[in-house]
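Here it is, the structure in full.
All chains are identified by letter, namely A, B, C, D and E, in their written order; residue positions are counted from 1 within each chain.
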Amino acid sequence: EADLRMTWYNDGNESEAMQALLDKFEKQNPDISVTLDVVPYKAILESLPVQLAAGDGPDIARVTDLGGLSKYYLDMTPYLENADYWRENFGPFLKWLDPDGDQISGFMTQLTVTGPYVNKTLFEQAGVAMPGEGATWDDWAKAVNEVAAKLDIPIPMAWDRSGHRVSGPAIAMGAKMFDDDGNPALVDDGLKSMATKLYDWHQDGTMAKELWGSVSGSTYLGANEDFANAQVVMYMSGSWQIPQFADKIGDAFDWWAVPAPCGTAACTGMPGGAALVAMKDSDHPEEVAKLMDFLAQEENLAEFYGKNLFIPGHLGLATGGVDFATDDPRAKHALETFANAVPGISPTAFDLQGYANNRVMFNALISRLGEAIVGELTLDQAFDRMTQDVEKQLAEKERGN
Amino acid sequence: MADATAHRRTIGTLLTARRGRGKLHWTDIFTYLYLAFGILLMFGPVVWLVLSSFKTPAGLLEFPPTLLPLGQISAEVEGYDKPLPIFRATLEDGTEMELAQVRRIGIVSQMVDPANPDQTYKVPISNRTPVREFRIASENYTEPLRKFNFGGYLWNSIIVTVVATAITLLINSMAAYGLSIYEFKGRNAIMIFVIGTLMIPITVILVPVYLVVTSLDMVNSLWAVILPGAATPTGVFLLRQYMLTLPRDLIEAARMDRASEWQIYWRVVLPLALPAIAVLAIFSIMWRWNDFLWPLIVLNRSEVYTLQLGLNAFQGELDVQWHYILAMTVVTLIPVVVVFGFLQRFITTGIASSGMK
Amino acid sequence: MTQIDLKAVRKSYGTVEVIHGIDLSVNSGEFVVFVGPSGCGKSTLLRIIAGLEDITSGTVEIDRSVVNTIPASDRGLAMVFQSYALYPHMTVYKNMAFGLENSKMPKAEIDTKVRKAAEMLQITDYLDRRPKALSGGQRQRVAIGRAIVRDPKAFLFDEPLSNLDAELRVTMRKELAALHAEIGGTMIYVTHDQTEAMTLADKIVVLQGGVVEQVGKPLDLYNNPQNAFVAGFIGSPRMNLVQATAEEDGEGIALVAKGTRVSLPPIQGIKPGDTVTYGIRPEHILLTDAPNSSDAIAEVFLSEQLGGETYLYCKVDGIEQLTIHQPGQLPIENGETLHLRFDRAQMHLFDANGKVITNGVQT
Amino acid sequence: MSPKPSKTASEQLQAIAAWPLQMFFRLLDIPLRGIQKMGGIGSMPYVFLLPNLAFFGMFVIIPLFINFGFSLTGGTNLFLQDRVYVGGEQYSFLFKCENYMVSATCQEDRFWKGIFNTAIFVLFQVTFLVIFSLITAIILNRKIRARGFFRAVFFFPVLLSPVVVALIWKWILLRDGILNAFLVSLGLDKILFFVSPEWAMFWAVFVSIWAHMGFYTLILLAGLQAIPPDLYEAAEMDGTSKERVFWRITLPLLWPNMLVVIVLALIKGVQIFDEVYVLTGGGPGTATQFIVQYIYNTGFTNQVQNFGLASASSVVLGVVLFVLTMLQLAATRRRNNG
Amino acid sequence: MTQIDLKAVRKSYGTVEVIHGIDLSVNSGEFVVFVGPSGCGKSTLLRIIAGLEDITSGTVEIDRSVVNTIPASDRGLAMVFQSYALYPHMTVYKNMAFGLENSKMPKAEIDTKVRKAAEMLQITDYLDRRPKALSGGQRQRVAIGRAIVRDPKAFLFDEPLSNLDAELRVTMRKELAALHAEIGGTMIYVTHDQTEAMTLADKIVVLQGGVVEQVGKPLDLYNNPQNAFVAGFIGSPRMNLVQATAEEDGEGIALVAKGTRVSLPPIQGIKPGDTVTYGIRPEHILLTDAPNSSDAIAEVFLSEQLGGETYLYCKVDGIEQLTIHQPGQLPIENGETLHLRFDRAQMHLFDANGKVITNGVQT
């Protein structure tokens, strides 16, 4: 007899699919009941760590700070019937959840890949050819500027204001993110070249300051509204936008996911996503493991990913393919594009995603870069501050541990 | 120069305006202009919010925005399964027609005449505009409300608001009574203390309070939301200032009438402090109902969610769904407006006479 | 029927003593009035009796038992406040019933009592009103009603009429007299008003600066003040008090103040050279046509004709201001010169300390 | 009010609703009367204060102590006993600056930026808040039709939660919001309000004035109504010009209320957080990032929740506020005496 | 020295007319007092003259020029408010100087004027105090001082003494009289108080319900009221007014009210059967030992001994209450029976409409 709590947040409607699975599980295991607590994302980010630290956390939670919270995760290995199934199918992601060990703590509810969308209809209207496979960021910048100029579109290019999003292009332009010892080294020439580009684009109007300039710190801002409203020619975001665009834009224009543009070092986006993890403090680790195991089964995950148009974080399904519940050709194309991008993702990107304190780096990057773009700092000052910020926070974190 | 003095005089008259004597001076006109502008500025945004909350996501994105929520008309056309959206299209020859769109291919839209389904047209998408009518997107409300246990959250919110307000009113009025009616050792110290804590924004002691709540084992119970804010310095301050204005004779009369101190409190002072209590009640209800940051931290189980948490739960990591946000904002506004409607006469007379000086 | 005794009562606020040892007995059924200048401690004394104020030393006894430590609510007295202190949120009925409810009386009994008191005070029609909807006089009656219903051991009144206008005051004063006649309880009444004190009291207590100056029946105080203070305080308009020096004058003495000389027969206790204050009330100064039998020559600087009576304010050599009160309309203009004679039988003489030497000089 | 003895339906309803309340109070009377008997009236104020002080101690005082404890420690552990004692290190870190006037030269540049921003914000907000509250109060004090309605109009934004206030205005000020639509209809260009630091600060000030003006207006209105009308008549008889009446009579007599308004506004201004946080997110850059937001970010939103530094900042803020408190107390005392 | 004339002045608030056409002349240097029951329009009339209130029709003239449209601040009058309306935030000096500063007078001149007025009113010592720190009487003097310094065309007083206690009122009344004697300006004075009206006025204006009932010198009104209202209103305690029927009585007539019969010689204007109200002031009722020459037999139900005078409240057959006022201390107890004789020369007769028939009956 166990009552399990799962803390969950929604980007769209995914709690419904999860609830369906939970209902199924409860039917099979009448002695275990599971309650799904849907919270605002803010709670996952800000409250959950405090609750976990205080020992008041849930049994299972859907988290995005994959490595940062790993000290609270349960190692389910002893409870799993078939740990190998997990290692086989979730191998690379397990590392994200436990960078320093080989615990099995959870699985990805969603794998995301960052990458750009373009408004293909605008290109057609403007009569400008879309840069093809292997085009660089500069090629795209030139093309979208042309389109925007012809059609009087206010924002040629927009990037999510997110450290995670810009890390892809940064790695593409040669950023290493870590030094040879594996310690974080955010600022290097690659990153600088990406940052400089971004900075220049904001100055020359390729990008609008609204996104990067209008909030402070690490606040996330997206341009999905503007993109959906055909105000943006190219929008650098990620795979998670697909269901939304399918819903909001529909066939109003052709929104097209394109492969990650290239830099000097690679043509890569960032992997990412949210994981469902089991918590160490749970009173019912066995039942938790049982539930997790159930959810992780291929047929259940397939149902879940399919319903929500999520790129599977399950290697078997990734190769086998998931039957996505959409008949929108644009959505289908986008899903394909992103799924195909996974193999091409740079190992640095994987390492960065797997690094427990990556959010410290992301935040430093984005907040300081934002300040530079609005002119509060020069780029050089911003780079210095980034380094300092990361150092300071990591030092604070080291204290007492 | 003459202008300047005239101007000065009139500003003078405006600023000292006293009940006029029949004649309509232009300061009166200015007054009403100011008031009209005031209505626009104070009410306008809220009206705009309410109107916007009934718009579809597409309607929200539109620029320039329309005043009223509009929806595109669609029509059943013979030979097509789904209703087709209607556009006003300008054909190549310059004629305008209302056509239904079958599909859009690239920048060209394929359309039919609903009256004559066999006739199809090809129209560049720049030559058509959607035909719309007034339509309320009630799904902005029903959708998010459907997604969670609205009744349960509402109930929790009501419990929290009512119980917390009751406790707040009770203990604050008791404290204010003690501080205003009696002279005793330490009264000034306590008063300074109360005023001092008036200055502390709760945001900065969130974590320490959380630790206290944890050690009391109240996490995930409504008490965790109810109790911490119950002893508001503002409330004590407000009520005390008001009670100080009550005539002492009344208290002594009650003592002569053999009332116990507790009876004096609840049968004499409490009813007389009603205006101030109403004001505090309004503030308390408002605080509790709108409270978000604190419940977010101490409540993480859906059975104890308050409405604010529930309504915000659809705010994901990556998506700002304005249509839901606006609609849910309106939902949370409703009770406040209702309370305001009931108690506004207390607010408008209450604070004025509650000695907030 | 209740007896109240104060014995050597003292009261200090902080280090300031405001009641300097007062002994006083209020007999059962008596109507006692406290008068005295503002700030002399009238209210304080009343509140001490009520139990609203602690005393610093001495004892307060009610019916011979010491009540020093018994709180106001248990002393069984009733008080009518100057402000009436009606509970504004309760109806008249509730106001009157409140005290009874506190002593857990059954509802039916409360109702009987309230209605009886209301009838007596003729406020039955207003029982459902709030105090706000009552006139000043009606409020006053409610305040009294609230006291009556409880059958208190004694009634305490603190200037209950002082907020009313002159007309109403006269009416209410009469009603209070009638009330005392009817229920006959022990009553202690504080007032500033001469007329109230004179007309209502069985016994007047004159206070000054926290001590009792004199206690007595109203006319006693009027006719036989024991010191200059009481003489000046009781009676309106005030008694004329003239500081003079005693001189030999034939067989008797003369009281001389500058150019004004009042010849008197010999009086025990006055010898030439003494400083003596003599007092003569405005109504006891006679206008005389015989200049040689006059005591003083006065110049009228203000003549106030009230129709039914006349006040004359005069300057007399050696006397700053002399007030004369005469019935009827006197055709006297400002500036006129009058010859005055002081009615010897009504003259009061005080020694240098203000203590009375004689009230009325026998001729 | 009505002289009718029979109770109306609503009164009966009220009576029914009041019954349990009455029972509650009546039952409590029994033990409390006992306490009064035993301890005397002198003990009652403590009884009345006890519950409030208990809550107060529990949820305000203890947390304040914990908070202070935090400020002397480092690390990310939540429980005080697990944290590393670092003494004044957090404070000295906060105050490590080459030039206190230039926030960019400080180690913790955002803390100083927050302080400067807050100071600027408070300066403008309080000034205009007071001015507009005063004008509004004076206008509402005039004999106007529907005065009650207008009072309600100006007061009701006070009832909205800061988040709602910010959302409403954000929705209006967006690039495609109604205000820009209005500008475009006037033939002007759209303004990206949240991209320009000046505009962002302007709107932060504006919106917070919009939300709080009603409250201060009411305080001033109470003050205006407390000025006896015969003073104005006396001034008129004295041949005083209207303008002089304002400067020499109205304003001086309103001064005590003005003082309250100024001090309260000052304190609330320093505490500004929610509404601006939702409205501008502290941007552009850090142009509208205020001190409380800095504390909140440092202790809460950052991946490394730095309670130590956040607490140290809040202690510094507390000291500043304490000075303001003392100012208010001194001011009220002077008013009471003068 | 200023003459003020009201001609057919009417004033309505909304649809309610409160001043019903008043004609009135106030002569230069005159001290005019408005009296009348509460709500009769005294204050309104004063404020109309001041210019604080617009009129609905008629004209207000100051020194023969119409000032209807001239605002208060330009009429050059000064007003002393009941509440004094001192500026609480200014010192006494500033209070007095404020009006002068408004007219841009040089500082030195202001100073001279203020100090002169302050000296005259004996408030020089308080010039630096705020009004809060003054006693009631001092405040009143400041209020007057504020008016004086401006050398106004006329002074308007709205019940200036009503907030003071009885003692102070008497003093201030005398000071006001002295002030008028000294500066001699035109003064209009509103009061409720009999004594003030009688003693201060050159001319009393009796108002009722927005119309003038009678205008005249104080003693004129007292002795020769033109109607029952004025008769009842002027004089304190009030005149006893008895409604009676005229009957034949030998050569003359008798006024009969139930068992009380007053025989009079024949009087022009009264014939048997008429309803007549006769009035007799409390001080004009004589106590007689001769039962057969008495007009009425009275039972005293309340005897008030004030020391210097005695009030007797009696029941008489046909008269609900008869008040008797006698000087001195009468040894009369409650319940005693008295034989009364009404002084014919002081009787006032009014017809059924209240209009006077005769003031004083010749015998």
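Keep this in mind: contacts are C-beta pairs under 8 Å (C-beta built on N, C-alpha and C of every residue); 3 or more make two chains touch, one makes a residue touch a chain.
The UniProt protein names, listed by chain, are B = sn-glycerol-3-phosphate transport system permease protein UgpE; C, E = Maltose/maltodextrin import ATP-binding protein MalK; D = Lactose transport system permease protein LacF.
What you see is a predicted model; the values in this text were computed from it and never measured.
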Via touching chains, subunit A connects to subunit C in a minimum step count of 2
Comparing each chain's Cα average against the average over all protein Cα atoms, the nearest is chain D
Greatest number of touching C-beta pairs links chains B-D
Between the Cα centroids of subunit B and subunit E the separation in whole angstrom comes to 60
Whole-Å distance, C-alpha centre of subunit C to that of subunit D, is 55
When centres are defined as mean Cα positions, the distance from subunit A to subunit E in whole Å is 93
Cα centroid separation, subunit A vs subunit B, in Å, comes to 34
Subunit D touches at least 2 other chains through residues 41, 78-79, 176, 241, 244, 249, 300
By the touch definition above, subunit C meets two or more other chains at residues 71
Note: subunit A residues in touch with at least two other chains are 46, 50, 54, 229
Within their complex, subunit D touches subunit A through residues 74-79, 82-84, 86, 104, 109, 175-176, 192, 194-195, 197, 200, 280-289, 297, 300-306, 308-309
Residue positions on subunit C within touch of subunit E in the complex are 165-166, 170, 174, 177-178, 192-195, 198-199, 218-219, 222-223, 234-237, 281-283, 302, 304-309, 311, 313, 325, 327-329
Subunit E residues touching subunit D in their complex are 50-52, 71-74, 77-79, 81, 83, 85-89, 98-99, 102-103, 146, 150
Subunit D contacts subunit B in the complex at 25, 28-29, 32-33, 36, 41-42, 44-49, 51-53, 55-56, 58-60, 62-67, 70, 78-80, 135-136, 138-139, 141-144, 148, 150-157, 159-161, 163-164, 167-169, 171-172, 176-178, 180-181, 184-185, 210, 215, 218-219, 221-223, 225, 229, 232, 241-246, 249-250, 256-257, 260, 267, 271, 273-274, 292, 295-296, 299-300, 307, 310, 313-314, 317-318, 321-322, 324-325, 328-329
Note: in the complex, subunit A contacts subunit D through residues 45-46, 49-50, 53-54, 65, 68, 208-210, 213-219, 221, 229, 357, 359-360, 363, 370-371, 373-377, 381, 385, 393-394, 396-397, 399-401
